Amino acid sequence: MSENNIKMNGNGTHKSAGTPKIGFYVCHCGHNIASQVDVEDVQKFAAGLPGVTISRDYKYMCSDPGQELIQKDIKELGLNRIVVASCSPLLHEHTFRKAAEKAGLNPYFFHMVNIRENVSWVHDNRESATKKAKDLTRAAIQRVFFHKPLEKKSVPINPDVLIVGGGIAGITAALTIANAGKHVYLVEREPTIGGHMAMFDKTFPTLDCAACILTPKMSSVKAHPNITLWTYSEVEKVEGFVGNYKVQVKRKPRYVIEELCVGCMECIDACIYKEAKYPDEFNQKLSKRKPIYIPFPQATPQVVLFDPETCIDFKSHRCKKTCIESCDRKAIDLKQVPEYKDINVGTVILSTGFKTYNAELSPQYGYGKYPNVYTSLEIERLVNASGPTSGEIVTRDGIKPKSVGIIHCVGSRDQKAHKWCSKVCCMYSLKLAHLIKEHTDAEVYNFYIDMRTPGKGYEEFYDKLMTEGVHFVRGRVAEVSDWALVPEEENKLTIRVEDTMVGMVRRIPVDMVVLAVGLEPREDAGDMRRLFNISCSNEGWFLERHPKLAPVNTFTDGIFIAGACQGPKDIPDSVAQAGAAAAEVLSLISAGSIELEPNTAFITEDNCSGCKSCIPICPYTAISYNEGTKKAYINEALCKGCGTCVAACPSGSITQNLFDDEEIFSEIDGLLKFAGIELEETEAEHA
Amino acid sequence: MPEKNIKSNYEPKIVAFFCNWCTYTAADLAGVSRLKYAPNVRVIRIMCSGRVDPQFILQAFASGADGVLIGGCHPGDCHYAEGNYKMLRRFRLLKRMLKDLGIADERLRLEWISASEGEKVKLVINEMVEQVKALGPLAIPQHLKNINEELKHFPGEEIREEEMAHA
Amino acid sequence: MERSIYAESFALDVTAKDRLDTRRKIKYESELDKTFSNRIAESAHGEQLFGCIQCGTCSAACPVSHYMDYTPRKIIQMVREGFKEEVLKSSTVWLCASCYACTVECPKGIKITDVMYALKREAISGNYYPKNAPASILANNFFKQVLNNGRNSEGPLLMKMYLKTNPFMLLKNMMLGIKLFTRGRISMKTEKIRDKKALKKLLNSVESKKKILSAGKPADVKEAAV
Amino acid sequence: MKYIYYPGCSLKSTGRVYEESLLSVMDVLNIDYKELDDWNCCGATAYMAVDDRKAYVLAARNLALAEEQMKNEPEVNIIAPCAACFMVLLKTQKFLEENPEDKAAVVAALKESGLNYTGRAKVRHPLDVLVNDYGEAEIIKRITKPLKGIRVASYYGCQTVRPYSVFDDQRNPETMDRLMKAAGAEVVDWSMKTRCCGASLTGTVQDVALPLSYVIVHEAKKRRADAVATACPLCQFNLECYQTDMNSKFKSDLKIDVLYFTQLLGIALGIEPKKLGMNRLFTEPENLYKILEGGNRVYV
């Protein structure tokens, strides 16, 4: 492709770009690039390339002076192409495009070269790094010849919002968005919203009662005109893209008509089961419930539901159904079937929360083997006034414990379980120590590796605990066992630990052991991920776009994440993220539309032979066949710009903006100039 | 392609097509985590691995690349649902064709690398550079040049200049 | 059942009864062996020991840690920081019965038992082991016996060990020896394999590449100044 | 399936009872086995403490011998009853797999003495063979005198189940419990199954090791077990032969039968006591016989 007769073929609708006058700018990025890449050498090298009018290097291209440099050159030298060699386009492509646009140049006459993340940060040989930077620069400069002026494509945003997961994060986001006057669909899988927080008695570090600060929010969600609350429901299918998602929600049957039931619970008393027989999931199976039940007194919506597995009428259909007679509002309907609702929303917030580590996977602590070993979530229910023992802390055989051992880091910071620290267990263990001490005045031991109290008021809470006489033993427990060495260990659980501060092994007999289990992703995180087309980190948490600068965004526009589904965090952080996600959603809605990359594909009619091989290729069914003209054509609104059809078209009649064949061929040629002449590696043309 | 005795300081040139959503982001992650790997790979960013046209790969080899690496999302993770499956189909056919052209198997490689696998980018690149270095240069432009030289002395055969310039 | 079903559970080492123990308890960096940690890590294939978070699970899992002068956790830290003398002279190395409880329980996956073996090897090759410590004598005699005969004969081995370390034990265990002997569960015959010479050649043809310690003879290691 | 039997040094002396009972059980169950010809000591804990390279080549020689003597068998399954041998052979295989450089040195050394080590051999423990290969159902069919009324505390020791063995759970194993149940005995639930018995320390530093063994038999007694079933010559030796020393040191009068699980299984299979090495035990297990004849316990 000899350089001089470059054809300038845009799609004909723009003013002619004339011969290319390229401005090239290489950035030092402080030392990030300059330390490994000889930026002056690259600047000189670019100056010698054909079509380059001006070539500069500058310390911080993305800074305002850096951008003004470009704008001044565009105006004074009449540049019609800009190439900047600096960091990743994912970071600052947007910044430089805006700068070019402000100077009157079409933003798509700009191209970026990644010589930081792909070069200086990953190579330690300065000479080969500089050589690579030069190749990438030459490729970009040859590519930018073929850039065409494009207009941004804007897509309207449907103002309705879908929030999946009704924990504290989901509730906060729903209220914030609803108060802004936008309509929210809040979908929750459990029969009630409230998530894990509804199970707690107190919250750290202020010891606020969880129910007191949560139930008002739950009832305002129920009462809010802008929120459609669908509990006991799950998302089945999701289609579309930012601005217009088509979502199908499956509403599992409660066998109770929600609108009629007022939660008087007459039917529960009238059930033929005189006393509760089945393990109550909400109370972590510490108590029993009937086949017809309500998760907990302040459940929202305050509606009962049937458990088809345990209600005998679903098996034998011969139950006297005393429950139906007892309900004067005729709210019970045992013929209910799953209902599928199709909704259209513009944005989605995922706040599906976490799961606690299954303590049985650490057999050395004896959970499941010794009855008096509990998980922290079980203790949260025991200590709760509306819990199975209405706040009394008693072991499974009913005695008040005189000594309790709380073991930190169960399932966390452990190669055989989870490598990560679950962030909240130290603080909630301190809270549980306080509550247990308060309720039973027992000897309380906390076995920790590092006491992590990183929040506001957290360290002060730890001080308070120490003065209350809780024993803090620094050491990771190796074993909880039931055999005694000395008389006081008889029929007690003995905790074997090295008190590393004293440097001696101790055997501490206790009546009750509490395992501070860590946090892990929910089992179905994988399916949720595929449903919403977002990615997960290696451990299984939802992956944010940028850990520091975009923690609630995902790589998919329009889908946001908040709360523990993105990683272990406590309530204050979850609420903060919920607010951030709500703000992101509201900013999209108030903008009314979103500008999409104009990288859609289009078909040049006269080349198309009507072979239809591209039609099945498109996952968004954006290509259709025009019987009249016997040609295929692409609906620009549906095309997402993946380019798969462009590569598949046998006659090459489909072209794609921003990633056109010519642009990529020129990039390949630029990268490999002088390559392949394996004997004399000439750099003749290098000026 | 007879095995030549490879010059000791021979550095293979590898062109890589990384999909914007997964592998390109993973390469950025490798950069942010300062993982060090061989400098022989030049990355071209495309929106989806489905965009990689077999012609790009052939053009890369023809322009002097010693190896081509394609990075896409894991099956099921593609931002556009199926782009990577389409790429896999083309890749299988192209591999067979390259074998017929006498281009060694290790010179073309397809890897599924998700956005969080920065480490894998480093491992794949280092491994591929070693393999291609062991194979030695492909140097197709050099062979084309030699062929054109020979054809020039072929009596009576008239070769147009432009074609020569293309090499 | 008396107070504790076995030995005193808590005994601080209060040796100097009549005067305060004012021995200097400081270690200058120059007195540490900075290469010790890498050597042990490489010899035990246990590079992970640098990832130890000092949580103490190994000491708690170890059935004999309460008899050791340094708990396994302390030993790992001392190996990491180069306290070569204290580690190689400690009882921990020789009390370890290689039951692998620590290796299984360690949350960082450190092969602690293999580190203890590496320390045993260092102690023997640098002859740091306490002179009459039976464990190291047993190991050496066991090694020579199998090197020569290909099999170990428990009778002769125990006899030689007790004679070398503590003949009184021989008397104490005499009853036990007779009981075993009369039941045919011990014999004084030395067991042998057929081609002993081939085995000896085989064993001598292989050398553990970690033999550089022979340079650091204990003689030239200056005693820590009191 | 054909097995090759690797006894190890202690099964020829202090652990002879284990060999006698295991071989007679395998004969009755007609499991096809033959002893590894000219086997050598596995090096146990001593070799690893002196020179690890020599330790690996010493153990690898046995593996090479087994591969040689089972050349034309589809699989090479070595039965290593003693816990130390079992663990050392497994560790050698795993180590050589993970360290090609060491493996090359060992293979080269073995080649010089005409042996070849490939790593094909599978190291098996009798518990694994009896429960997983042979199967409990098959064993139950052959039980003639079920151990009705006998309460057995199954004790696995340390190296039988960790760290390299994979046939059972490392913290809460149950293959021996299943075997004892198959033999008709009642199994005691206790948490000392994998706690170390003191191993070679009883010979070297007795005042450290004795309490370890004492705690185990004490707990078994407390759980009203009639017998402790063991699977390693050193555990059996420590728990049985030092009971008199324990009683004098801890001023207790504890007496409990400690046998190999193969002996208990042998009795249930109707093998006569002499072939199970019962006469070699320090104390005739009178309790055991009394209960089997329907009488009541002699000592509690």
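Labels for the chains are A, B, C and D, by order of writing; each one numbers its residues from 1.
Here is the rule we use: a contact is a pair of C-beta atoms (placed from the backbone, for glycine too) under 8 Å apart; a residue touches a chain by one contact, two chains touch by 3 or more.
Bear in mind that the values here come from a model prediction, so they are computed numbers and not experimental data.
Student: Counting C-beta pairs in contact, which comes out ahead: A-C or A-D?
Tutor: A-C
Student: Could you tell me which chain lies farthest from subunit C when each chain's centre is the average position of its Cα atoms?
Tutor: Following the centroid criterion, the farthest chain would be B.
Student: Quick one: report the Å distance separating subunit A from subunit C, using the average Cα coordinate of each chain.
Tutor: Roughly 51 Å, centre to centre.
Student: So how far apart, in whole Å, are subunit B and subunit D when each is placed at the average of its C-alpha atoms?
Tutor: Those two chain centres are 58 Å apart.
Student: Considering subunit D alone, which of its residues make contact with at least two other chains?
Tutor: Answer for subunit D, listing residues that touch two or more other chains: 171, 215.
Student: Which subunit B residues reach two or more other chains?
Tutor: none
Student: Enumerate the residues of subunit C that touch no fewer than two other chains.
Tutor: Only 1, 5-6, 101 qualify.
Student: How do the chains pair up in terms of touching? List each pair.
Tutor: Result of the pairwise touch check is A-B, A-C, A-D, C-D.
Student: Can you list the subunit A residues touching subunit C in their complex?
Tutor: Against subunit C, subunit A makes touches at 364, 409, 413-416, 449-450, 474-479, 485-487, 496-500, 503-505.
Student: Going by the contact rule set out above, which residues of subunit A touch subunit B in the complex?
Tutor: Result: residues 1-2, 88-90, 114, 116-119, 121-125, 128-129, 131-132, 135-136, 139, 530, 533, 535-538, 543, 555-556, 599, 617, 619-620, 640-644, 646-648, 656, 659, 661, 664-665, 667-669, 671-672, 674-679 of subunit A touch subunit B.
Student: Which residues of subunit B touch subunit A in their complex?
Tutor: 7, 10-11, 13, 15, 20-22, 24-25, 27-28, 30-32, 34-37, 39, 42-48, 50-56, 59-60, 63-66, 73, 76-77, 79-83, 86, 90, 114-117, 122, 137-142, 145, 165-166
Student: Quick one: in the complex, what on subunit C touches subunit A?
Tutor: Those in contact with subunit A are residues 1, 3-6, 9-10, 53-62, 65-66, 71, 73-74, 101, 105, 107-109.
Student: So in the complex, the part of subunit C that touches subunit D is made up of which residues?
Tutor: Those residues of subunit C that touch subunit D are 1-2, 5-7, 43, 45, 63-64, 67, 94-95, 97-101, 103-104, 113, 117-118, 120-121, 124, 133-136, 138-140, 142-143, 146, 150-155, 158, 161, 169, 176, 179-180, 183-187, 191, 193-195, 198-199, 201-203, 205-209.
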